[in-house]
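For reference, the structures are reproduced in the following blocks.
Shared chain: subunit A. Partners: subunit B in the first complex, subunit C in the second.
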Partner chain A sequence: MRTLRDAFSFGDLPLVERIGFAIFIMFCTLFPWVTKGSFDQAVMIQFLIFCLYGLGWNLIGGYGGQVALGQAKNVGMSAYTVALLMVWWDIPFWLSTPLGVVVATIESFVLGYFLFRLRGHYFAIATIAVSLVWQQLFINWDLIGGARGVELPLKETPNFLYMQFASPIYYHYFAFLLVLAAILYMNWFRKSRLGYQLRSITSNEEVAESLGINAHWVKVKAYCITGVFAGMGGAFYTVYYNYIDPFSVMHLELSVMIALMTMIGGAGSMWGPIIGAMILIPLDRYLGAWLGGSGIIGVDFMIYALMVMIISAYEPKGIWGIIEKVRARR
Partner chain B sequence: MLKVEEIEVRYSGVPVIHDVSFHVNGGELISIVGANGSGKTTVLKTVAGTLHPTKGSMEFENEDISASTTVEIVRKGITYVPEERRIFGPLSVEENLKLGAYIVNDREEMEKSLDYVYGLFPILKTRWKQLGGTLSGGEQQMLAIGRGLMSRPKLLMLDEPSLGLMPKLVDEMLEAVATLKKEGNTILLVEQNVREALEMADRGYVLQTGRTIHEGTGQELLETDIVKRAFLGL
Partner chain C sequence: MGTKKERVHPDCVKAAIVAAAIVAVLSMGFGMARAQGQEVKIGVIYPLSGPVAHAGNMSKDAVSLCADYVNNKWPDLPIPIGNWEGIPGLNGAKIKLIFADHRGEPDRGADLAKKLIIDEKVVGICGCYHSSVTKTVSTVCERHKIPMINPESTSPVLTKRGYQWFFRATPHDRIFVRDFFEFLGLLHQGKVPGVKAVPKSELRTIGACTENTEWGAGTRDVIKEFAKQYGYEIVSDVTYPHESPDLTAEVRRLLAPKPDILMFASYISDAILLTKTMKEFKAKAKVFWSQDVGFYQPKYIETFGNDTEGILNRTVFSKKLFAVKPVAKNINVEFKKRSGVDFMGTSARAFTGMQAWAYVLNEAGSTDPEAIRKTAETIEIPGKDLIVPWKGIKFEDVGGETNQNTWSSGLIVQYQAQEPEIIYPLDVATAKFVYPWPGLK
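Presenting the complex of A and B:
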């Protein structure tokens, strides 16, 4: 009961944030009815997927202060599980997704258990190394499609069990529901025991341990939850695109994007990942579409880099940090 | 209660504690005094399990703790309040305190501890919602001690609680420590205000370059030459 109340109660947040959240819900609900452009709708769904990734990454990277750069492999493992089960044994989405999430979480657990012996930069580098190994493995593993990837068999008619729909509207609302669930979870999390433990470790690990908090175990737990979010996102990604390969779901670029987006929005804050996704995803897609067509390739990356530099130089807490500073001044 | 015998502690191979022995009985206030670099903080950190002795033995309630981890030691009932008031800046006062009760699983028990700490340091109650980092130095120290008390430890180790506080607050802080002792807490205190620390202590130890060179009641130690010369300037 208490858990539910904590998850659904946003009462302790300032009015502005609650209004912002309401506008976000309204915007996402009405979006497919207002715009009919399929490109816009695709960008919107990507935005929602990245919200999900970011909200999950915020746990370990924001609240936990551990720069983990390997979300893509969790996304990928879940995506591959869902895709292969569907290709090999025709197992529906709703059965394979829990399995995919479990696979992603187990990977998080095993990896976290060993890697959290490392700290700071060493941890970040180790997660990158492991991601690269996994990606190479997936590229060269012919049994699971290798570099060609996996294509899902299409059903003749739209099928709810396999999450195959004719209109993107269904995907939009499903992704939106996932994001809402993630937000409710985070709202519970920030008031939970685990949330306080994690923040105390970020603040001062030595002192946290002197209070009897097992820092290693808490980090592993948080990393597993991050894995669940990534796994959920990966499963959805698979049925939305009907095609996955090691370059789209296992790529380091995806991991970096997730981390970057959260940091730009504001790591360690409730709304940071959403703000980050709101800026970076449209910027990435529209700019890519606009400039890519005109032959100027790479300008979007330059704009990224510029933003990262500005953020890291002026406000390490990201855009949310700037908002809070302005608020404190008034 | 706590019995430390002839321990040697090394920092990456280099011994800094050569031969330290002391014991703490239940209900006592024990002061460890010594010059900077004599190893006081190292001794506390060793008891807290952050460091481990390479020689000698440490027993708490007749159980060997020389190889125990920090977490195990906290669970056994020893809490270490580190120097320089290391509180959690981004968390509120109450959140800081609740984290101190991390090993207490009973919600009611935790509320009781919270009331106890608020009773001891009323200023914390008026500031409960404020972020730890925005408190004044003295308040942060109270918060650090309060957080240490939240798990109701059998032995509370205080590392320089008056460090960096203004003189008026130093007295207040030491009075608070005396109150804690009166209420039956067992305290191991490391303090730079040697006179006050020894006056209020039941017993004390003098450390010099990693060795215990004197022990005795607070009064006895105040009259030894080394304390007079080195710390009191007499």
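Presenting the complex of A and C:
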């Protein structure tokens, strides 16, 4: 009961944050009804998928202060589990997804158990290395499709069992519900024992350990939760695009994008990943769509990079850092 | 449940209402309908930026040229579209191409396909070069029941999915690789002009080097299958990461067992890096064959000049066809004027794909997707109207494939003095075969 109360209670947040959250909910709820543009809806769904990834990464990368750059492998593990269960044994989405999430979580646990013996740059490099190894394994593993990836068989739509719809509205609300659940979880998390332990480790690991906190174990637990978020996102990605390959769901670029987005928004803050996704995803997709086909090749990349550089140079704590500064001045 | 009930300040309520209104107005702005005129919109999705932008932009130029031929009168063009001013079957409606850049990303391709189909209201889709992107885009088309004509993606799987709205004009990798092994058979029999019969013991081992995306993996599978079927031994089987910054280890592994035949499937940036690395190793073999794409682009010839001598490519187009296909020569002049390069395999197929679209729309006499699909299923476009040396275009369901152009066929060309001479099929060969491959010095 207390857990539920903590998850649903935003009372401790400043009023402006609560209003911001209300606007976010309203925006996501109304979006499919006020926009007719399918591309806008596709961008919105991408935004929600990245919110989910970012909220998960924020746990270990933001609150935990660990630069884990391999979240794509968890996305891929779950995506592949879901896709293969659906293709090989025709197992519906609702059964294959929990299994996909479990696989991603177990991988996080095993890996985290060993990798958290490393610190700082060594840890970051190790996560990248493991992620690349997994990607290469998947590329060369013919049994699971190798580089050709896995394509889900098309079903008559709408099909709730296999999550196949012609209209994006179903995907939108499902992704939105996942993000809402993730936000509620994060709201609980920041007030939980684990949340406090993780932040104390980020502040000073030695002091935290002297207080009886098992830093290694806490980091492993947080890493597993990150795996759950990535796993959910990967499962959703699979049914949304109907096709996965190791380049789409296990690429280092995806891991970097998740981390970058969270850092731009403000790592370690509740809303940082959402703000980061809100800026980077539409920027990337709309610039690509508007300028990519117009013959002005490469300008979209330049604008995108410039935005990232300006934000990073002006406020290393991200957009949320700027908001905090403005609030502190008042 | 809360610790203390708070009263929300009226200013906050006002602020929330204003914010919601702004959000609603902005959202509506995103989805504003676009006006349609007397034109038929076709969505064209290619990689216009990124490492294979060169191929994507050549394809863009090719489909644009074809649309120009359809939309305006070109009295000197000796094929039906030269006399058209718009599509006759649609009362002269002009083709309007809407381009989108997928950057080689399947998910971006799928999102753009939705944009083109739902927001831009295109009657169909053309593209997408990468087989992996063609996969997701064709799935979107299938779901939305919108026809897609694919000019150049060669992964065999694409037409084995039973999709009713997907039509492939090009031959696929199975056909191309089989052609090469049949050519080797002719070489053993001494039927290839310019070369005495080559005993099988002299040409027995294969070194295969393929990039690791959908297309490369598909080619590798087919090479393995046919090597076994035709009695060759694969002594090195190397796959490498697409867009790799260094391929030294891969080249070393490829060349170490000294294979008689080298077979490649690479995109342009990889093809250039591979050749540079092989040049450092002074690579030698008896036959060097590649799956078009990277090794058969103007940029490749520009980069390596005389080092391209003797390299074989599978393709569907060569400048040497001009002698037997004056229409190809005629169109190539205009293409070169606009894009600065001659037609190559990819651009020639892009042109042909758009031409197929024009013929289908003309014969359908309607922009109704179902009418277009039914027409595409039955249309027969004669080879004399095309710039590629095919019997024509006829989409059929054969051998477990759906809507594959069964009238398409491949060529094997060999660079001789930087010109792609046709070597196979033998009846259209324009030069004697240079054997063995001189190697890279």
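Heads up, the rule we're going with is that the second predicted complex is superposed on the first by the 308 of 330 C-alpha atoms of A that agree within 3 Å, B and C clash if a C-alpha of one lies under 4 Å from a C-alpha of the other, contacts with A are read in each partner's own complex, and residues count from 1 in each chain.
Note that in this section a contact is a pair of C-beta atoms (placed from the backbone, for glycine too) under 8 Å apart; a residue touches a chain by one contact, two chains touch by 3 or more.
Quick caveat: nothing in here was measured; it's all calculated off a predicted structure.
Asks: Clash or fit: what happens to subunit B and subunit C when subunit A is overlaid?
Replies: fit
Asks: Per the overlay, which chain contacts more subunit A residues, subunit B or subunit C?
Replies: Of subunit B and subunit C, more residues of subunit A lie in contact with C.
Asks: What is the contact status of A:Asp40 with respect to subunit B (first) and subunit C (second): first, second, both, or neither?
Replies: second
Asks: Check the residue A:Ile213 against both partner chains and state whether it touches subunit B (first), subunit C (second), both, or neither.
Replies: After superposing on A, A:Ile213 lies in contact with subunit B but is clear of subunit C.
Asks: Examine A:Asn204 and indicate which partner it touches, taking first as subunit B and second as subunit C; both and neither are also allowed.
Replies: first
Asks: Applying the document's definition of touch, where does A:Arg285 land relative to subunit B and subunit C: first, second, both, or neither?
Replies: second
Asks: So if I take every C-alpha atom in subunit B and every one in subunit C after superposing, what is the smallest distance between them in Å?
Replies: Between subunit B and subunit C, the shortest C-alpha distance works out to 16 Å.
Asks: Which of the residues in subunit C come into contact with subunit A in the complex?
Replies: Listed in rising order, the residues are 1-4, 6, 8-9, 12, 15-16, 19-20, 23-24, 27-28, 30-33, 48-49, 53, 57, 98-101, 103, 105-108, 110-112, 114-115, 117-119, 132, 135-136, 139, 142-144, 155, 157, 161, 163, 212-214, 216-218, 239, 241-242.
Asks: What residues of subunit A sit close enough to touch subunit B in their complex?
Replies: Contacts found on subunit A: 196-197, 199-200, 202-204, 206-214.
Asks: Spell out the residues on subunit A that touch subunit C in their complex, using ranges where they run on.
Replies: For this pair, the touching residues of subunit A are 5, 8-9, 11, 15, 19, 22-23, 26-27, 30-31, 34-43, 46, 136, 139-140, 146-149, 151, 154, 157, 166, 168, 237, 241-243, 245, 247-248, 285, 288-289, 292-295, 297-298, 300-301.
Asks: Across the complex, what residues on subunit B touch subunit A?
Replies: 48, 50, 70-71, 74-75, 79-80, 82, 86-91, 95, 98-100, 102-103, 147, 151
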